[in-house]
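Please find one structure pasted underneath; my questions will follow.
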Amino acid sequence: MMLIGVVDTTFARFDMGSAAIDELKRCGTGFKVVRRTVPGIKDLPVASKKLIEEERCDIVMALGMPGSKATDKMCAHEASTGLIRAQLMTNHHIIEVFVHEDEAPNAKELAWLMDQRSREHARNVYNMLFHPENLVKNAGQGLRQGYEDIGPIKER
Amino acid sequence: MMLIGVVDTTFARFDMGSAAIDELKRCGTGFKVVRRTVPGIKDLPVASKKLIEEERCDIVMALGMPGSKATDKMCAHEASTGLIRAQLMTNHHIIEVFVHEDEAPNAKELAWLMDQRSREHARNVYNMLFHPENLVKNAGQGLRQGYEDIGPIKER
Amino acid sequence: MMLIGVVDTTFARFDMGSAAIDELKRCGTGFKVVRRTVPGIKDLPVASKKLIEEERCDIVMALGMPGSKATDKMCAHEASTGLIRAQLMTNHHIIEVFVHEDEAPNAKELAWLMDQRSREHARNVYNMLFHPENLVKNAGQGLRQGYEDIGPIKER
Amino acid sequence: MMLIGVVDTTFARFDMGSAAIDELKRCGTGFKVVRRTVPGIKDLPVASKKLIEEERCDIVMALGMPGSKATDKMCAHEASTGLIRAQLMTNHHIIEVFVHEDEAPNAKELAWLMDQRSREHARNVYNMLFHPENLVKNAGQGLRQGYEDIGPIKER
Amino acid sequence: MMLIGVVDTTFARFDMGSAAIDELKRCGTGFKVVRRTVPGIKDLPVASKKLIEEERCDIVMALGMPGSKATDKMCAHEASTGLIRAQLMTNHHIIEVFVHEDEAPNAKELAWLMDQRSREHARNVYNMLFHPENLVKNAGQGLRQGYEDIGPIKER
């Protein structure tokens, strides 16, 4: 039985963790989910590392919504750097699912994007755990999570 | 008996540590506080780590007021990066409570904001330690510390 | 028998991993390739480290195509920082092969550049592993991967 | 007998190390000083760590004068990040004393500022080592090193 | 017998490693040089660390020429951060000798500057290894490597 950690924030304006868990369950079986919620994205790195080292998770999804101000952008950078460091310290993947508050033109589309990206990355996580060969098949295919795939360059 | 570390700075223009400790005591019992003060925010990471490793604190609040100049913004970035690193080295949460000097339009509101954010994060810390399920309930609820909560997106 | 790790992404719009592997095979023999593909460039650092520590690779190529937006540039910075950290934690070289989406004026040239840079760095990797003296001979020679070499300064 | 490390640079245009040592001696007794000088501020992190780990210093002062160009600002950022990392690796405080070359309007005031800030931080270091309770008393008091203290907010 | 590591790049447009080695030999005796060359500046950190840990070098010179584009500046930042991290992981000095491609007005002066800075830092390295007291004597003397020393502030 594999363990998938899911950690999100109270800062985000959409429940990304629940969307991710719902989609994981649609992907298949053979795993359990351990969920945590922290105040903001800068709390995600250690929460993710604790899920790996203390709860024995095999992989973690770290979901958040960085705000649109300059300080928020810096927070996102710090959180991302921490998530990469946490992965290197544990030799486990932590899939970062960030939706910047200013990526969508309005609140409705923002919520849609947060839902969609959480779900598409949930499928990535399922594949990384159970079917890594599916990722190799898609190498260089211009895949995107949330908005539509851009696809590979075909003009050669 | 849990131990909560509280570390703030002599640089800040408001006694954030005392506000945090006062609020923690209003939250409930079952913990003791260990307090430290350092010159500036760049001294917070190691002070927090020492509280965890040498004083056996279960969680730490690191409070500071980054100045408004470009170099001050960089200091805040360096301090935040260090606080995340300290958390990853110890597998303990350190809740960063920063109020940027230019977040408020005047000194009076700045002091109010420093007080308010310190108190709201104190409640987060209490919940993380004693009632982590309260954070999961608030996942994606658009919570903010200091100014008013923005709330979840409701237009879907 | 040496082991060369090759890891690329599903985000890129060209299959850089296959280009690198094809070129490695043209360089000579005496090695095997272990390939992985991850969603994006921020997943490369831990994937590279796992290739070194879990698959015993002697050297790794980490290939990706950072997008052209400001957030993408920051992602590239975070991934690069992580790749350097992974190298320092393992004492093994990881050769970063990044082609920024805005380095070429159009999609066709972008694909050419991604192919070319992947192949030229594959030759670097082969030399680092089997003929490090070839690199010393080229010290200060103004070599470039992808576009033409600029060459050493001759006006002295 | 406590040991205080003092490390400065040949790049700076004022002998900050001597100013710091002179002030430390005015503060009291009970300690010895170990001094080092390195070429530039990016050499300070490892020099400070060696003072802690190889010379057994209890605390270190790292003094430097970042230049005024954009690359110099980046050097200061890299040095600061390294100093924080060195502290986290050793669980010892390293007090950074940086005076940016463009902080003062002319050379004369720059030298005054470098002298003054070195001395005021020397007093911080002495207090951190022998009277940490003095720092707690000054929490939130708006203290500055070099130019005048701004003081706490009083308008509440 | 001391060991000095020298590592440079094929990207640079001048053979900085040879200049550094030539100058080291003019400084005196009592040491041997171990030389490596890597593709670019981001490969310098692990190459330097390997020289220290696998070849037992006592100190390392890491020489490179960051390009003039924005991405090149970021590469330089990443390389510098990695060099500082490598020093902290090994408790050994690694002297960074970077000449930015846009520091000089033309190619001829750029080559001169790369030669000169490599040589002046070679003398720093020799002194750090054999005469560290010479650096303390020069504390705050406004020394520069490459272009002329600016000197200490004398107007006090």
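For this structure, a couple of remarks:
The first chain written gets the first letter, and so on, giving A, B, C, D and E; residue counts start at 1 in each chain.
Going forward, contacts are C-beta pairs under 8 Å (C-beta built on N, C-alpha and C of every residue); 3 or more make two chains touch, one makes a residue touch a chain.
The model shown is predicted, which means the values in this text are computed figures rather than measured ones.
Because chain A and chain C share one sequence, their contact can be compared position by position; here under half of the interface residue numbers appear on both sides. Superposition on CA atoms relates chain C and chain D by a rotation of 145 degrees, given as a multiple of 5.
The centroid of the Cα atoms in chain C and the matching centroid in chain E are 25 Å apart. Computed centre separation for the pair chain B/chain C is 41 angstrom, with centres defined by C-alpha atoms. For chain E, residues touching at least two other chains, in rising order: 81, 85. Traced around the ring of touching chains, beginning at chain D and stepping first to chain E, the chains run D, E, C, A, B. Chain B meets chain D in the complex at residues 8-18, 35-39, 42-43, 45-47, 49-50, 53-54, 71, 74-75, 77-79, 81-82, 85-86, 89, 106-108, 110-112. Listed in rising order, the residues of chain C touching chain E in the complex are 73, 76-77, 80-81, 83-85, 87-88, 91-96, 100, 121, 124, 128, 132, 135-136, 138-145, 150-153, 155-156.
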